[in-house]
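What follows is one structure encoded as structure tokens, with my remarks underneath.
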């Protein structure tokens, strides 16, 4: 196609057509003929961070290659859902890389990211929800956010939650991570004014149906100000929280 | 069969067999031959209340007949899930009957039931849950219980719930009625020591899936002490609460 | 309680009460007081076969004990859902026992069961459905039935099915075993007059949802004459077929 | 195609080919060339009853036409799932037709069907299950079966069930109709030796999910001898029962 | 943005930049700056038919406006899922419009569409599936296809299906429409070589779960060559069939 | 309890205890004794807006009372999910009230709310999604936000979406409303950097399962930056967007 | 905050404000400022038992630490859902600890708990349900209850159930544990007057859907007096039974 | 039956009946008597390819036998869903066989298949979808199709998709393979005119519910021209694409 466009430009250059003609012709170009435009670069700019590597179902050599590509550009690196065994192999190729074993996430900060405006608070209902919360933490951290963790403050013991009320009030955005009945975001939304990102977890058994119970509960949260991401999607919550925090 | 039994009794009476023989023969009687036993009366005694009439899908004349039968025995009457239009027709035949329009339940107290030992508290998360709560109330009431209603104290506004903490503490049994995310029983179970009967309601829309969200949440309630009845089953909750309260 | 009954019998014996009195008293006996009746023996007679041992979740020593008890009475033995490793241990204690490895069922015929009146045909849609079909076969066989197997005649190749039409016509009862779209019973019901027991299998992947697709299809079978048992329940199908065949 | 076949027959008739040749040629005929065979008549014979009319979604004139066609042949007529309003219109065209309002089924017996060998017992757990049971009854009746109805004997009051034990024992086949927890077939299967057809009904509310609860319960019935038809499918149960009863 | 582009063209025209420079600059244009390209026209060309109007949830005046717009361009018109009452109002504004009452579809052919290369066969399992089949028919027809309808040939009576084998063989594409157990496409795929588009319908009751049973069955179809569209989506099947037929 | 507290304060006042003693005693106060604290007022402050009235299931007189209470305080009023017939009755009592018929929401602005920092863009995939989008609009509007609506830009015609790219880029927060396959938020998230609130709608039929398809799709959105609210929950999306926009 | 409160107390002490003033100021304290209250101790008192340790997903060292903390206080210890391998490691640190291998629960009684008022009966339908029943047993036992176990009395053999009728009658509370069709609580509720806690188990296969069938059946239990806990939640049933038994 | 047919042919041969008589008699032959017809051969011809071997659940010796049978006839061989360990054993018996490790498919081309008329394009949304795409590729390839693969062009980065627009335009049929939100086919259908076969994959976690989310999204695809096969069914998509491409 390029040749077709070059042709027009050349014709214009040679004076065979006027700028007005050229414009008219370009307008009538079907969509795909413009596909050379710098969409890709543009996208990198708008999203502000190179693609995060989703580790699941990728081989260590695939991941290593992409990771090295990202590092070459001087960017920060984040790999999520990465099994320890795969990490070990990557570590050999990228020795400086770190691993958050709870979150199953690897990362390497080459430059300090610009900080978001406020504090992101990450809360869990129970200790079993911590791995998902840590994925959110690692994500928020590498994207540049001040973070405070408040773990194990589920609704079964409201006093623990209220004991942290002072901190909660100061959050710009709150991520609530909970399995089982998933009631934490509803309760937190009732006592604060911050936007809340709710992450259901697959913690539980029986009629938790791998997180379905918590997911549905969160989607039906009575008080306004709550939105939900996929079950166990700590990354998604952290990413969105960071977007909001950088507004 | 009776004749067979009579035969044995007669033989024993005539001395043709010994009591020991008779006993042996009776032992070998197959199960069904004993079906004349007073199972029915027995059951009425053990359950302590004549059958409650489930109004749904019955005609007014069917209901009226059963109701009149119950009333003749001097028993108290309770009809649940009764549409107003059906009630009107029954009212003509049983003029003294009352109707709780919210609960869609008709009742007639002929004698004062013996009171349960403590107080049953019936709570709702929202005002839309009240009809189900009222069904629980009507049931508890006719079965003889001191009842306190605490409505519209959902987790979205914990202050309303805590404002009632004094009353909640005094409950012998608590019925919590909630739709949407169904978090009320979890929160209440965290601040009290009473057994809690959780009633999910079909209140909500979208991913509440007609009460499924609340049902699952309640089944996954973190703190101990919570058991669940069917969606919108105020009667079941009230009946069980009364059983417990009369222990 | 026995003493109470003995008491009555003794009184009757001593002439202190009449047979009519005794009868009256017995009639008023509450239900549970008659629990000594020979329910158990009776049940063994009506079901015509000692309890089949469901092997899943039982230890080899538990199974061996029950099995030996059954064998002592001279009865035939059937153990379903029995893993090969567990069978090996049982085999050491009961050397004569046989194992149908496809069906994962162990059995031992000590006496020839009375034969049902007609032929039971067991059909499968595919070869992967055969284990479930074999469980039906083993069950039918030990309960005394003439059986014909017609395997791998799914609706994707109707010619194979029609090639067996002659046999199909002669069936007294037909068991159809199929996974995936579960269409076999519908097609067979359309070309025969025998009662059909449909067994959905968990064969398939993706939207077969472990047999749910086949189960629903079979429950919605257009032509009359089809009833369905649980997914992978070859035993249930074989047992019911045998009951019908012995009518 | 007929011409092709005629051609062969003519050639054979003229002695141009031998019977052996003709047979060989016919064998090689592709399948569809034989489609003129009297499949249809054959099917009427094997199923022993003209097609039952499924009334749902058909207009009164459509139904009347098919019905009159069936009646002309001297056959008995059965129309299921027929709304009263549609029946009224059909009644004008076929004045002798009867209507079972509970079953929403119309029928007309022109000849006495041959009776099945034993008795079909139709049981319901509650009174709300009766319409489905009546559909089974109407179906069994027109197909020629001795039927005994035992209604409202659900497991909540076992004494009522056991009161009918004498009758239950005499059944050749039992149809159990139940909604809600659907426990009736399990209990009946435990005390009898007859094949049981279980019909879940959509009776109930909330977590009955329109009969799903009863359906699943019945599919998981512990004791052998139970098979299940679609929710509310009284016709299917009656049809299958009749097939078995005529074996 | 246009000005920016005009600027470049003008500069090139004036010889201030070379064609090579211009090309380089254009390459670096971010994506959105090219949005003036004639995507819209292009799309109209590639899809070959103006947008079909989905009637559900639109007012008669909304539909009339869009329809008149389409008609002005001389295009053919198709409106699906259109209630009779809404159609009547549209008819007043567009008197020439036709209505297929079964399909609930309105249409107006202004020009003869170019015909697809072969025959599209539309089959239904039952008479209740016909409305969905008619929607497929109307769609195929206005898009220019030779169509043959073969209705009421479900698997419960294979003879009816085989009676149409001659026609089936001649299909270029087959649309199979079926509710309940949804077995028709599997059977048809087993006896033909044409691509099959399977349309599950919401026909049935109980465990058909509004077409879910048929949908799952079709997705699990054993023989290759079957793809599935949404429940009751006659339009989608007809549209795809036409696309294939015009290849 | 107050007396107990007063008692302490009095004792302190009288010098019978020291401030240190008083503090110690207060620390040991059990939780509920502090329930007089101004939780309620506090909550009104933190949430920044009086309770929004959820109209569903409330009578016109109930709503009118609450509404008048809110209006008396000089606050702005919002009533969601309000049927037109109920609105009419409320209108008589509160003549100045407005009604957004698409959104089924009533509102009355008494004071100008403080504006959020940026622009909220509300997009819909189709025209049928507009009612839900309008609910989001009404909510955002009364809470004080600059809003831009971009309706009917679903992924089936990407050119329409890209035609609005300029506007989309300028959004501070984006609300995407879509039914059917629910792909809009995924596509938008791929071309922008704003946080996205995805609202699945119940638009569609068949396997859309009343919005379940769109809900699941949105929860599984590939690109980061998307969170989801309940099906048809325009209010929830608008409320959260406003919270974020006021950060 | 404390300083603010101290400040007030000091002012009062110094006579700068009156007790009435102080009270007024305290009343206006926002909620969170009171968070120092002894909620925690209070909660320990009301629940009467230190937190039970949910073993799943915790490391042996985490569990050991919490356990030792509990033991130091002289409390009794209960750890549920504890794998044998993890128990072994804990046993080394806490040699006196016991393990119920069936229940997968560890416990250590340091002091005799006060006994509940009556007898808790724990019933199972089959032998495979015993592990869940044992979890209920261990829980009830350490919380102080007289317990009677009645195992393997499922509805498939009612005679076994009735054989235990004498015991059943004496229960204050009954826990029924059942998988598959989950009919046990319905049957037991029909013959007794005690409150019944129903525990569905994941026992079964195919359409038991990991306990969903039993769960739904129990939620739809016809007779009143039944409430349900999560699938396999023996602990929850035992805990609630103990609460009721200590009323 | 053959004898009966022979009998007729012989009679005709001997002149005892006329050809017209013979034809009449044959017409009245019941269906099954014609089962000897060459259905099987016919089917092989119409489907144009010997049965593809579905490897799952078959032993290596079973597969080897069928494979060798197919190879003997000179046909091409395709085995799908074949585990590497099973392949190794087959490789020993059929050394020339190839294995596509990603697709888990073995194949052997003995003759060049006739090519379809156009190009089949196989697209994936992500790299994790590639195994399913490769199964489609292997299938299309051995059935004779020109294929172009366009992998990892999911909607999260539309620029990658549009970068391939030139190729996409040239497709005769497009297979789109996608997990998670499954939006790819909707987007592609919006920019092209080719029939699209959508393959949902089980890629994802949480609320992807093993591919259900993608499946539902694809079934609800807005633009026409999309049909769906089972989750992970690369073979089905490839087979159908090839059928269409050979039209």
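Letters A, B, C, D, E, F, G and H mark the chains in the order given here, with residues in each chain numbered from 1 onward.
The criterion applied here is as follows: a residue touches a chain if its C-beta (ideal position, glycine included) is under 8 Å from a C-beta of that chain, and two chains touch if they have at least 3 such contacts.
Since we're looking at a predicted model, the values are computed, not measured.
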Practice problem: Return the chains common to the contact lists of chain B and chain E. | Solution: A, C, D, F
Exercise. Quick one: compare the interface residues of chain D with those of chain E and tell me same or different, with half as the dividing line.
Key: different
Quiz item: Which chain lies the greatest distance away from chain E when centres are computed from Cα atoms alone?
Solution: G
Quiz item: Hey, what angle do you get rotating chain C onto chain G on C-alpha, to the nearest 5 degrees?
Solution: 90
Quiz item: So, what's the distance in Å between the C-alpha centres of chain C and chain B?
Solution: 37
Self-check item: Separation of chain B from chain D, taking each centre as the mean of its C-alpha atoms, in whole Å
Solution: 38
Quiz item: Listing for chain F: what residues touch at least two other chains?
Solution: 31-32, 39, 42-43, 157-159, 169, 190-191, 206-208, 212, 215, 219-220, 230-231
Quiz prompt | Chains that touch, pairwise | solution = A-B, A-E, A-F, A-G, A-H, B-C, B-D, B-F, B-G, C-D, C-E, C-G, C-H, D-E, D-G, D-H, E-F, E-H, F-G, F-H
Quiz prompt | Footprint of chain B on chain C - complex, ascending | solution = 2, 5-6, 9-10, 12-13, 15, 18-19, 22-23, 26-34, 36-39, 41-43
Self-check item: chain A residues within the chain H interface of the complex
Solution: 1, 31-32, 35, 39-40, 42-43, 56-58, 62, 81, 200, 202, 210-212, 215, 230-233
Self-check item: chain B-facing residues of chain D, complex
Solution: 127-128, 157-160, 162-163, 165-166, 169, 191, 203, 205-208
Exercise. Going by the contact rule at the top, pick out the chain C residues touching chain D in the complex.
Key: 31, 43, 46-48, 52, 117-118, 159, 169, 172-173, 190-195, 197, 215, 219-220, 224-231, 235-237, 239-240, 243-244, 247
Self-check item: chain D-facing residues of chain G, complex
Solution: 125-126, 154-158, 179-183, 186-187, 189-191, 204, 206-209, 212-214, 216-223
